[in-house]
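Common to both upcoming complexes is chain A, partnered first by chain B, then by chain C.
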Partner chain A sequence: MKNASEGTPKTNLKQEAQKPGARKFGMLMLGWQRFKRNKTGLFGLTLVSIVFFFAICGPFIAPYHPNDQSAMLEFRSKSPPSLKNLLGTDRMGYDVASRVIYGAPTALVVGVGSMLVAAVIGIMLGGISGYVGGMADELLMRFTEFFLVIPVFIVILVMVRIFGIVVVGSVLEKIPYLNLSTIIVILGVFGWPPIARIARAEFLRLKEMEFVEAARCIGAGSVSIIFRHILPNALPSLVVIIALGIGGSILMEAMISFLGFGDPKAISWGQLLYFNYEFLKIAPWASIAPGIAIFITVLGFNLLADGLTDAFNPRLKE
Partner chain B sequence: MGILRFIIRRLFFMVFLVIGVSVIIFFMINAIGDPIELLMAERPGITAEVIESIKSYYHLDRSLTEQYLAWLGNVLRLDFGTSIVYNQPVSGMLLTFGWETVKIQVLAIIISLLLAIVIAVTAATRQYSKTDFSVMFSALLGRSMPGFFLGILLILVFSYWLGIFPSYGAHSTRSMLMNSALLDSLWHMVLPVAMLAYFNTATLTLLIRSNMVDVLRQDFIMAARASGLKHSRVVYRHALKNAFIPALTYLAILFGLMLGTAPVTETVFSWPGLGFLYITAIQQLDYPIIMGETLVITMMLVVANLLTDIAYVFIDPRIRLE
Partner chain C sequence: MTLVGEQNARLLDVKGLRVLFFTGAGVVKAVDGIDYGLQCGETLGLVGESGSGKTISSLALLRLIPRPGKIMAGEILFGSEDLILKTEAEMTAIRGKKIAMIFQNPAYSLNPIYSIGDQLGEILMWHEKLSRRQADEQVVELLGLVGITDPGGRLKQFPHELSGGMKQRVCVARALLCNPSLVLADEPTTNLDVTIQAQILDMLMELKDQFNMSMILVTHDMGVVARMADRITVMYAGRICETADARTLFNAPLHPYTAALLETMPRVDQSYSEKSKKRLTVIPGRIPNLIAPPSGCRFHPRCNEADETCSRIMPESIKIKEGHTVSCLKRSPSAGDS
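On to the complex of A and B.
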């Protein structure tokens, strides 16, 4: 896929980068030029955009209110897809299409939110251990190894369940979507090791580069070197691992909700599967639609990450 | 460093890790709240005498550290305590349920490994062909397919619509398939194993293919071809051995993923394994089971990691033990 266009376009890119207009964007513009040529990456971007579109415009597109159970009154629950209900209705008389559309913002909030938490922790710890090295580095690497070996998913399940009981009757209970927020934070807290690994590798690589040396020579402090010189150059690799992580978190949340540990107040795709799985035989459409939504979203982020790798870190692929 | 010293060092890390995880779970359950209070929150009708007897039985009147050490001491004697809900020894339950889980997962790993090798080699030897492209494409799709959703689709098609395979359980409750316990159990295993194997095959295929493409370009392959060896021998004996090594490390990760997400797999198929047991234990706060099972699963993961490390050394003598 990416083989044929290796020799000539590179020089083209150089020329493009040297055009006066392009210089302003630098690395980003170069990356976009490369990204545009990658079909899988573009396909991923399209899928992700579709999900974002539904998440933002959901209330205007969805044919029914997510809590509209009027089909139940007309004895049309579990009815197959028809003109009235494009994807059918589920066992409680909800319109499947509307519920799936309203699940999109939940999925994106979970994915992006948990990765924000993970990125803050991961970049901080990975950056420190890469930049400082020595004992701190050794300690952090052992720690990430620990996280790589332990069965993270089942630990998360216990935490979600126990936290759900503990908050009953406390002040925290007033936070809207408390369960969902818990899941987001926990996914973030368990999701940082891959980000830390990449951040560490990038900081290790970049701190030896000439331009960092040069910055140090003209008297730049550590903080300025880290935030103004190293971090921006480490971002491309970090963005890739974060995009992968978003897909992963969405899948995790879907699995947690599918097992019945999700937020009962939020509409999420995993939750829809959980509610409708018992009626798979009678109303399969109510399970298939949210499943496909999860698949499309996760696939979108995975392909997007693939495309970003090609665009920003061409070294990684041959 | 000798292999023995390496193994001993890893074992040391293992013990540390397993204890670490059990400490996390133990203090999480306790620091967040008294297990008895949690139990009462779930079952309001419980009487004071029952609470007292439970307290003394599980040593809940002692300090947390003492409780943990008592638990650890019992575990060393293979005594995981008694399940609160089932009122059975946890160690026995872990054995019966664990066997069901290991059965499908090991089978799935073996099948996916064989499949992935054949598919990846076929694709890599025809790089950039249509076969290669479709293999890559479906593997990419497969990697993003949520396993449990695939399981749901399998049940829908093969047990509800076609009626070929059972949709739940590990054994028939009434009459067994052709009156044979083995056939009956295999019959139940088809769908769960297919689901697990599908996911692993996709990941392993991508990995082995890209390694294979690299290896096939190297000089020793050309030398082997030039010396007149058969194509299949060059590919399967010389190239595959080298392309396979990175996949080996990945096996431990895949096994970890499978075991960690067993609750989902086993909920989809109502499979009476560790994951299923875990879910009911969490729902009902059956705390000896949660503790025991986390320990056993972590231990299985760590042993799988150790085994791949050792296998690594035997397959690739270039690896130095550090």
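On to the complex of A and C.
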């Protein structure tokens, strides 16, 4: 194992380095070599890829339109899995398999979207905090801690509901998926503190590194130091926390939708649970399928994050 | 570069430089009023124990004193310009282009995520406004000069694929890219094998002449300065003890600290076996706390020639002869003996 880890990456890297495109990704390539040997991480990546596949190809492979309630007309609602409806139908005659597949893009958009918002806020605040230091650091970190102690979930429920009411009758109402976008933004706005903390720690560590000082001695300005030298080196740690956050956000959204605060127009797994949990005894498949989908997605992102930790910070685990 | 052309022209003059660190425990007088300088084409060795302020006084030239340090007083005349008065933007243009630095630890002074070609080319693209291709060509040429085999192929390699000596060669190449008039080498060979040390030092000497540069060599290794430096400045506890040309300093050191420092250096022409009864001497005591340095001469608590006046009067630097100054009360012309 040890020998293999020293031998293979170098030779592969050299081959990769021949391609002009591979030039900038020295550390990423090394990370990938390490990641490839990590079974958990690969399993997580597989699960996430499957979810992405369904999200992208959903419309082509889903057997029914998501709003197709025709089974109801044939008195086949709540029918168990069969050849006609692979995962059965629910109490309103929807095909469970199609609904679950159409729920994948929603979950990913929520997860990735909210973490993008969180990453922008978190990296900015954490980066400033770590790079500038002193009073700014003190203030920003207290601000971050303030966000950490807020019972986020309740605040989100309240805000989603209030926003949903405020908007009625205004121009904003015409925006498609407004409710879902609100959830994404709010999840992002409340999800940045862990990212900010990691970003701060990394900036603090990296700004003292000799290569940063060397870059300064060569005449690099602050902008170049931050964006060319510090941020790319901080990314591995940030990517891990962001991958974890995506799983967390998807779970959060499922919880919000399960409580009935979700976007009624978007198909989400939490919402499917919300619609069907009362019929758990009569049509269990209608609740189990979206439940498993949530489980697989969140597990996938968490394992992926775990694998990324091993790949980028190998010393942490030894 | 008009600066480089003329021989015997003054390249750098630091006057009364004072750098203070404002820490929680008090104000650390890391560099406390020092003067030094060098001529075009000269190599100045800046020697001293750890914590004597030698690295700080060289970083001050680039105005890159780490926090919480600040340059509180002094002039840094580089050519005809005072670097203290420059704006940050003007300094950025000088760093790397006119004054470059080589660091102690080559393993950490290259950014791990960029290939050698990217890191070095970037500098030329900033300072010289070259295109990517022109920059690459120049980088390859320089990598060849610093003794790297297959420089073209190395462009695409990453720092972790190079050995320590190779990395330091790359760092030297990086420092020389824009043909600076002054190179600051901060213990450039401390972290390398002895054999590679020698190679790097030889290479530095050669390139220094070839590029017509001046160099400030910061080190605690008397062997290295003996080999490299034209003139030597000895620092102790943030002040300068003695400045002289290398030959004079080694043969006839005037300051007690310089003499003691030379005594601590093992010599090939002396036997230290049981029989010879000769032992390597040690300077007793430790480098003082710079928050509350000793009164008078900073070295007096450890000096075996010190008397009561030394603890009261801070010695001024005295010119013994052209190019040889010493700051010691016992060596002032009025004291008679020397």
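Criterion: the second predicted complex is superposed on the first by the 292 of 318 C-alpha atoms of A that agree within 3 Å, B and C clash if a C-alpha of one lies under 4 Å from a C-alpha of the other, contacts with A are read in each partner's own complex, and residues count from 1 in each chain.
Quick note on the criterion: contacts are C-beta pairs under 8 Å (C-beta built on N, C-alpha and C of every residue); 3 or more make two chains touch, one makes a residue touch a chain.
What you see is a predicted model, and the numbers here were worked out from it, not measured in a lab.
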Just chain B (first), just chain C (second), both, or neither: which does A:209 touch? second
More chain A residues in contact [chain B versus chain C]: B
Let me test your reading of the model: by the given contact rule, A:83 touches which partner, first (chain B), second (chain C), both or neither? neither
With both complexes superposed on chain A, which partner does A:221 reach: first (chain B), second (chain C), both or neither? second
Tell me the contact category for A:166 with respect to chain B and chain C: first, second, both or neither. first
Using the touch definition from the top, say if A:251 reaches chain B (first), chain C (second), both or neither. first
Quick check for you: in the superposed arrangement, does A:135 touch first (chain B), second (chain C), both or neither? neither
Considering only the contact definition stated at the top, list the common interface residues of chain A for chain B and chain C. none
Partner chain A, residues of chain C touching it in the complex: 62, 64, 67, 92-97, 100-101, 103-105, 108-115, 118, 122-123, 126-127, 156-158, 160-161, 171, 174
Quick one: in the complex, what on chain B touches chain A? 17, 20-21, 24-25, 28-29, 32-33, 38, 41, 128, 133, 140-141, 143-146, 148-149, 152-153, 155-156, 160, 253, 256, 259-261, 263-264, 267-268, 278-279, 282-283, 285, 290, 293-294, 297-298, 301-302, 305
Show me the residue ranges of chain A that touch chain B in the complex, using the header's touch definition. 1, 3, 40, 146, 148-155, 157-159, 161-163, 165-166, 168, 247, 251, 254-255, 258-261, 273, 277, 280-281, 284, 287-288, 291-292, 294-295, 298-299, 302-303, 306
Of all residues in chain A, those that touch chain C in their complex: 10, 13, 17-18, 23-24, 26-27, 30, 133, 209-211, 213-221, 228-229, 232-233
